[in-house]
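Naming follows writing order (A, B, C and D), and every chain is counted from residue 1.
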Amino acid sequence: MNLLKSFKICVIMFTLIILSNNTYAQITKDIKHDEALSVLLAAKKMAEKSNILVNIAVVDAGANLKAFIRMDESFIGSIDVAIKKAKTARYFNIDTGKLGELTQPGGIIYNIEHSNGGLITFPGGIPIKNKDGKIIGAIGVSGGTIDQDRAIATAGAASVIE
Amino acid sequence: MNLLKSFKICVIMFTLIILSNNTYAQITKDIKHDEALSVLLAAKKMAEKSNILVNIAVVDAGANLKAFIRMDESFIGSIDVAIKKAKTARYFNIDTGKLGELTQPGGIIYNIEHSNGGLITFPGGIPIKNKDGKIIGAIGVSGGTIDQDRAIATAGAASVIE
Amino acid sequence: MNLLKSFKICVIMFTLIILSNNTYAQITKDIKHDEALSVLLAAKKMAEKSNILVNIAVVDAGANLKAFIRMDESFIGSIDVAIKKAKTARYFNIDTGKLGELTQPGGIIYNIEHSNGGLITFPGGIPIKNKDGKIIGAIGVSGGTIDQDRAIATAGAASVIE
Amino acid sequence: MNLLKSFKICVIMFTLIILSNNTYAQITKDIKHDEALSVLLAAKKMAEKSNILVNIAVVDAGANLKAFIRMDESFIGSIDVAIKKAKTARYFNIDTGKLGELTQPGGIIYNIEHSNGGLITFPGGIPIKNKDGKIIGAIGVSGGTIDQDRAIATAGAASVIE
């Protein structure tokens, strides 16, 4: 094999790799498990710094559980609340706290919590967006006050593009 | 120091070790079945004294059912309510009535009842603490008025450290 | 008050008591909570004597939970199995092990376990009968081998007429 | 015996007490979140080395979800299977594959899968034990063949004492 032939092969393979990366980047809006793990750990780190005991759930673009961790001594009841917050945030691509403003008595989607096997519509669930602003999943946090949960979830979601 | 004195010290320290072992038995964070039964009977006794017909449930530190009794002629619908009150109290380490103050329309955790397969957030569920203040389980009472249920649950929970 | 008058009062009261007992015996086929508790303790005693860790459930004539206890260190998964054994035994007034002979592949009621929110059809569930042979409830035991569970359940059920 | 000797004995016994306290800290029967995360990552590492796409769930001593991760492109249906395997392994303190040998048609606990909201009784669920052999939780793996799932789960469970 001569030098030219080798060079051609290199060009083709390089092109394939570039294409594969581009193609890949275009066809997916789904959080990777390593990203989900990073989100989890970023949220956990913030919670630990503030001595808040939380459950943290990450769902993917399909609203299916991707990663989860429950801190020691955190509420057992927060397992399901955290997962439901993440799912709710992705089901409707919204901060769960914003959704809750619409589900109150007299609200336009009153008691939507009865759908989808149970929604959680108070703060703590946040969609996760990639650098292009595309939603690739969501994070749900439960165990602190609603303000703490929302802050931790927001930090976790933001970590994916840092 | 003579031999006798040394022996005495050994006895004292041996006793301390034994005591420390006993302590271990006491600080374990899970209610024992004999304790759960005593809690049940203490609550039942109070209910009978007041002619209140109730269902009484005790869950352990894992929020799993540990003991239960339904008094004759009490509401059938109170079986599940009592169990859910006990679980809710342990899920969030709180008097269920206190939780209910936060889940009202406009409340910070409105409609959290949709999580965990259904929560009960009115009075009657109380965490059970051991002598060291550690939560080892919870009791749920249903069948009387909410004030009666709460009083009976509180008495039951308190009986474990009497 | 003379002797005759006193005697008459005695006769009337005696008759009332008898009537009340008879009436009582006729109008109820439901296990009392004190009976359920005795059944529970009789089964627990036998289990402890044999060092078997079990969950014990008693349901009433309506197949609703009446009493329950879980021995320390027994299987968490046996909570639901014990309750379902008791319910299954009362749903079909049968030793659950006998029912299981009919639910095998090719059996006449194959996979009936899918009904009633889930049945358990192996040994350990036994109907509880009163002295007149009327079914007043059922007991379910789970945690030992199926032979141990059945023996403990049988002993518990029998204790109600001892 | 002289003073020095007595003092030595005191030191030894004091050490024993301290050790006994340490032992307590070690024998606590609940997996820590950092341990759960390590178990998750050990299992994930093995799966990645073998190019197997799995879901991995860890539950604590109370059979409640503690940590979870789903590898990219793994089966969506394996989320629930992995969680149920972990719960089943802790519910009955057993390798789920061993349990499955008993739940076949004609088996002694045929159709126990109908209890506890659904059990999974084929390989992939393994109890997690600490250094003292106490069960502190369980791991469930789903996505590969049952042999692969079991091997990964076993490796994950073993990592906690390495």
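FYI, a contact is a pair of C-beta atoms (placed from the backbone, for glycine too) under 8 Å apart; a residue touches a chain by one contact, two chains touch by 3 or more.
Keep in mind it's a predicted model, so treat the numbers as computed, not measured.
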*List every chain that touches both chain A and chain C.*
B, D
_Gap in Å, rounded to a whole number, between the CA centres of chain D and chain C_ = 36
*How many angstrom between the C-alpha centroids of chain C and chain B?*
26
*Go ahead and note the Å separation of the Cα centroids belonging to chain A and chain D.*
26
_Junction residues of chain A - those touching two or more other chains_ = 76
*For each chain, which other chains does it touch, given as pairs?*
A-B, A-D, B-C, B-D, C-D
_Parts of chain D lying in touch with chain B, wherever the complex brings them together_ = 1-3, 5-6, 9-10, 13-14, 16-17, 20-21, 24, 60-64
*Give every residue of chain A touching chain D within the complex, in rising order.*
30, 32-33, 36-37, 60, 62, 64-72, 76, 79
_Can you tell me which positions in chain C touch chain D when the two form their complex?_
75-78, 80-81, 84, 100, 103-105, 111, 113-114, 118-122, 145-146
_Residue ranges of chain B in contact with chain A within the complex_ = 62-63, 88, 90-93, 105-106, 108-112, 114-117, 119
